[in-house]
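In the two assemblies presented below, subunit A is common to both, partnered first by subunit B and then by subunit C.
Up next, the complex of A and B:
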């Protein structure tokens, strides 16, 4: 019996590895499992947020009625269960949550005429549409009211987009030009644009909704306060999917609203990606040059060894320390001097002397420099000496040997360094808070205005956005789904950035023919 | 003994050493790695357009001497040298000698093949492109000529753009020789060029060496007595960093002057 068991054990395990192989396998499966769990949690919570789930209407034993979505359930101390409903209607109830003991529920119903409105203020409304009062025309009720509202909302959406476009492409650039110095032509154009926006705004007025909450409280709401209106209980699976897709798309493509808890994260995505790309652009050449100097040029003595140890230890310095360094040296030191030399006119309001995209990228470049240096150095050290001697023996100078044989062979190692740098930098938040990230910067730092890339501007970052919504919003419970969605997005963005770099490395490897063999 | 007897004089009567034009002249040359002496007071003349073989036990300094001939030791800061080496009468360590130009004139083929990770064509064209100023057509011609000279053309002419690392070891070694020939060196140093090759590839390389001797000065390091006897005109026997015996190959293998030499070439090491 025991012998048979032993034999079975031998058959599966390489000889002489015993329990260690199992231990190693178990730890790798555990880490993979944790990773999968993390992604699953982020995906379900984050993406579920955009699903227009059914709304329940409850009749309680004391005769009260409430409407909302069940969120979670918890046991009561005196026995029985208690359920948490998200009832919204902050303006009516003062709260968007409602705990209901399950025993008190007399009837549960999903009436098809319950509407969910997304509003510009006060969050969502859940209840019924009693009537629609158009700006001109008759009061409408029932289905006619719903259709009238939908038509009006479509018009409003178009106007809102027109206003946003006008503001981003005309108004803001003009305003900035005027800030830089007086310019009568710009001033005239600005007044004109303002007038056009005013006309559009006025055209948005008119139309009122008469609403009634489940408890029976009435409310009148101007139509321009409403962004979207849905009747989730009347929607089929197709319509729900479409609404979900619309929600995800808006999250990805719009700017944030209502203290970052609502709306989208487009400026943050853009800021993150742009910052990481600028960082790679700055860190790669520097890191490669430093590694080449250390490995190929410098005399290999005690000093070089000391420098090498120093570089490796720099990788362990906490990132916030780099933030402090960036603030002191880049923002106040370098930025302050640039302001004094080139932007004298706009002082004391700083241009480069305050946190911005450039300083944030440079700070992160500094932070990731050791990673690039170490990876490149390892790549250089792996190149066999006979390759160098082969080049020299053909009459190459040391520079030619470096540029034509050594560096091409070390390219994959450099890109590995860049991949590690990107992975480290994309998730870094702490130093950014000191050197240029903003809670709200709806304008992305790239636009059609010269010089197109605005390095001095503040920018939004997914990591900081996450931190901000999670800790600085008035209702953390309500912000939680956005936090999950942002976290998922951050992970995905880092993944895409890394995959791009890995793809690049693979491409170069195949071009340099079998380099991976060395 | 038996080896020496087996060697048939290949080129008729042996050439008297004093008739030869001198290409490389090593005089009073010594070299230390740190405090460790590797070569001691070497003096020898390498005749032009002949094959000279260096033989000797492992660690006796053959590779060290070879690398000294095109100043590859320059990279190593621990190396200290004394004495002189002259190439065509010119001291190679003189300050006015450009080391890259010297290495182009004195080509080197290493023990293990070291093609660059590029295409076959680019490998051969590498040295030419360093010189610059050559037209594409001219480079094409030289690449073909070099590959033909190295007896590799027929095997690779259809895949010049393939990676050089995909060639076999023997082909790689011939490619490296072609790469060195492309820059038209005056001297070719070969450090055990056939040590990693099968008998057929070895024969090809040996034949190549013989053919090249009509236009080049060759220096060959080998552990293979038969090979030294087959291909070289002159043989130098080194031991412990010193030159023990040097003379025409036929004489050295058939009538060595010193017992030490005889013991080594007959395989009776002390």
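Up next, the complex of A and C:
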């Protein structure tokens, strides 16, 4: 004790670093915590949406019965809690939500015979399957009804696919040929294909479900209205996993339904990828050209330094300003002129004089140009001067020195720049709102019709899809699952791209670190 | 002529000719690309200028006073600041006053800096001087990834998750605001009372990681404490108290929400630049201070920070530039009401969000269109100037480091 006192008295050094050091450490912990929270929230909500969770049936104290999934809980002003259930059945109840005070719940159970139907209209149905009335044959009830329905749904699914295939591979090309000029053979084939589709359509009719909601209201539903039927409470963990995988796949591969709040995001993925590819085609050569000029050709003086600072600063200019530039110069300026020169027949409805794929790609190319220039220049500056001198001393011209020595060595830097540009472009939404993104594009920009790639068409984009679904849908609560899943997808894409860029840059550093040592 | 083309002289001429041609092409292309990028400012200026001398017959006159000063509008009792480009049927013409938009932009940026700057500078200081090298190798890229999170995702989470949550848990938010720093300082004090072995197991260099559970614990404590405190001080309803006693409107999507979301988005930018500046200070300066008996924090505060101050300043400037121009977060999470008041719990509308919403509907060449372009020009000039300033400061700082490094 005395020794400790003496030691403390002799050396007046503080024992710790003081409060500020701890606050500094906590600020980094807090950022990490928030980042982890954000990612965890996106991952659980985004992936959880596809999980076929159990459906609860409630009996309330006033005798009513409700079936649905609990979504959230909130305190009541007069004390106690109330719970929000997604009960679906919009056609029966007029609403898909129902707030239930927790105190009013008398009994909760999960009967195995509750079915969840995904329908073409009116959204989902939750309730019981009372009977299955096939087109030919007798009424079936209970487990037999369920099996009859499943078998029927499988055939319906096959026919739906057959119709889609017929329409895409036979009907649409024929119709296009007819549009181009009259062709009796095509006309005959078209009639034939139409007839086949009609036959398939007719074969899809027939078969009726008799359904009963938890409240006891009956409903008859034609079988072709039903897309999928599940009994979540009766499914084992394996079946649920399979259903989950199926849901994820459908989300990635299908188009949106019901005002974008249901279905998948395939057109948005396609639009984003296509736009980003076009953009990188435009930005990489020009960015590399400018970087080579700045670093290898231009006289390294005051002016070059100023230009370099200017280019670097353009990376900090808000993206919306580039959007304004794209709208003013590309859409109204260039697009308007193209319309006047080449598409006068269709004026006043604009062809290129409105937002579209081409203008969006060019705008984003301009936006990401500084990124590519800066990254490439960094790579070029990292190449030791003696490499260039060596090439020149061996008699190479400047062009040969550039193409044989400098550019191959700077390839990882260019790739890094390109990937960073792609990552930035994939997440930008604000400029696209001005130059050509659409809430729901009726036609995909790529199809079988000449010239195959339609640069003037509007396209869908993941980020804008997210914004629009979250903000302009009539029922935000119903849209939330799709929004979370889209956000997760977008974040994953961007994280992967950025990680690739980081990895490449690391690889580049270690390689050139080795070079400059030897 | 096979013999001629294989003659060495001609081949050399050909090679050099090709070289000269390629150099000329590269020069032309490079200058062209750079000119194209720089054309943005010129385009905006050219499009905006007609606004001031040739207003159309049915367009309201536009001048400096009508853009920035309070205006007498028919139907309003006293001069006011209004941005109402489209009014419902039967009302007199549109009202163009940029002041509410500029105010909204600056307010959003200011709140986000209030949140981002302390966080980012604290994080930079810790990772430059205290953190273990290995941990820093992992955490720095992780925080840089945070920078890449798209604004639309952050905005969606702020508008649809954070805003309703904060509205319901205002008391918890307020409790966290004072409990977190206090708890962390308390944790530091506890740490220095720990026996040596325990302290070696929880080294300062890894504090960023092992403080996370402590923060979660503090959060839980705040969750328990908040209802008690709210009942004690504010009669159990902080939101009602704010409206009744302070007389402030509470909008669910307000400037504070924007500040939090955009602070989160801007923080990694400031962090990365400030960390570069701090860790770029020649090591022997800090080592000298440590050898003279200073703690690491004293070395940071008295030696490293003054040396790196311009770099830190430029980091904050670049963060401010980003905050001013961020569109999607403000668009989603602000409510987009063009207000001109200082209440941080009310909504706002920024210039960038206005451009994004209104420009597709504005007729090209009209007053509204040109005014939105003017807003874009202002954003461009502001960010360009701020970034140039930051860049110049950083260049000067780099020279200073070189001098400091050489003089030893």
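Please note the rule applied: the second predicted complex is superposed on the first by the 395 of 518 C-alpha atoms of A that agree within 3 Å, B and C clash if a C-alpha of one lies under 4 Å from a C-alpha of the other, contacts with A are read in each partner's own complex, and residues count from 1 in each chain.
Basically, a contact is a pair of C-beta atoms (placed from the backbone, for glycine too) under 8 Å apart; a residue touches a chain by one contact, two chains touch by 3 or more.
Predicted model only: the values in this text are computed from it and were never measured.
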Partner chain in contact with A:433 - subunit B first, subunit C second, else both or neither: second
First, second, both or neither for A:400, with subunit B first and subunit C second: both
Partner chain in contact with A:274 - subunit B first, subunit C second, else both or neither: neither
Touched partner set for A:174, first subunit B, second subunit C, both or neither: neither
Contact breadth on subunit A, by residue count: subunit C or subunit B: C
First (subunit B), second (subunit C), both or neither touched by A:410: neither
A:290 touches, of subunit B and subunit C: first, second, both or neither? second
Which superposed partner A:321 touches (first subunit B, second subunit C, both, neither): second
Subunit A positions touched by subunit B in one structure and by subunit C in the second: 397, 400
Interfacial residue positions of subunit C with respect to subunit A in the complex: 15-16, 18-19, 22-23, 26-27, 29-31, 33-34, 36-40, 43-44, 47, 118-123, 125-127, 130-131, 139, 141-146, 148-153, 155-157, 159-161, 168, 180-181, 184-185, 187-189, 191-192, 204, 207-209, 211-212, 214-216, 264, 267-268, 271, 293, 295-297, 301, 318, 321-322, 324-328, 331-332, 352, 355-356, 359-360, 364, 372-373, 376, 379-380, 383-384, 386-388, 391-392, 395
Parts of subunit B lying in touch with subunit A, wherever the complex brings them together: 70, 72, 75, 77, 100-101, 103-104, 107-108, 110, 112, 114-119, 126-127, 130-131, 163-166, 176, 179-180, 183
Complex interface listing, subunit A residues touching subunit C: 13-35, 38, 41-42, 74, 286-287, 289-290, 292-294, 296-298, 307, 309-314, 316-325, 327-329, 332, 355, 366, 369-370, 397-400, 402, 423-424, 426-430, 433-434, 463-464, 466-467, 470-471, 476, 480, 483, 487, 490-491, 494-495, 498-499, 502
Parts of subunit A lying in touch with subunit B, wherever the complex brings them together: 299, 384, 386-397, 400, 404-405, 408-409, 512-515, 517-518
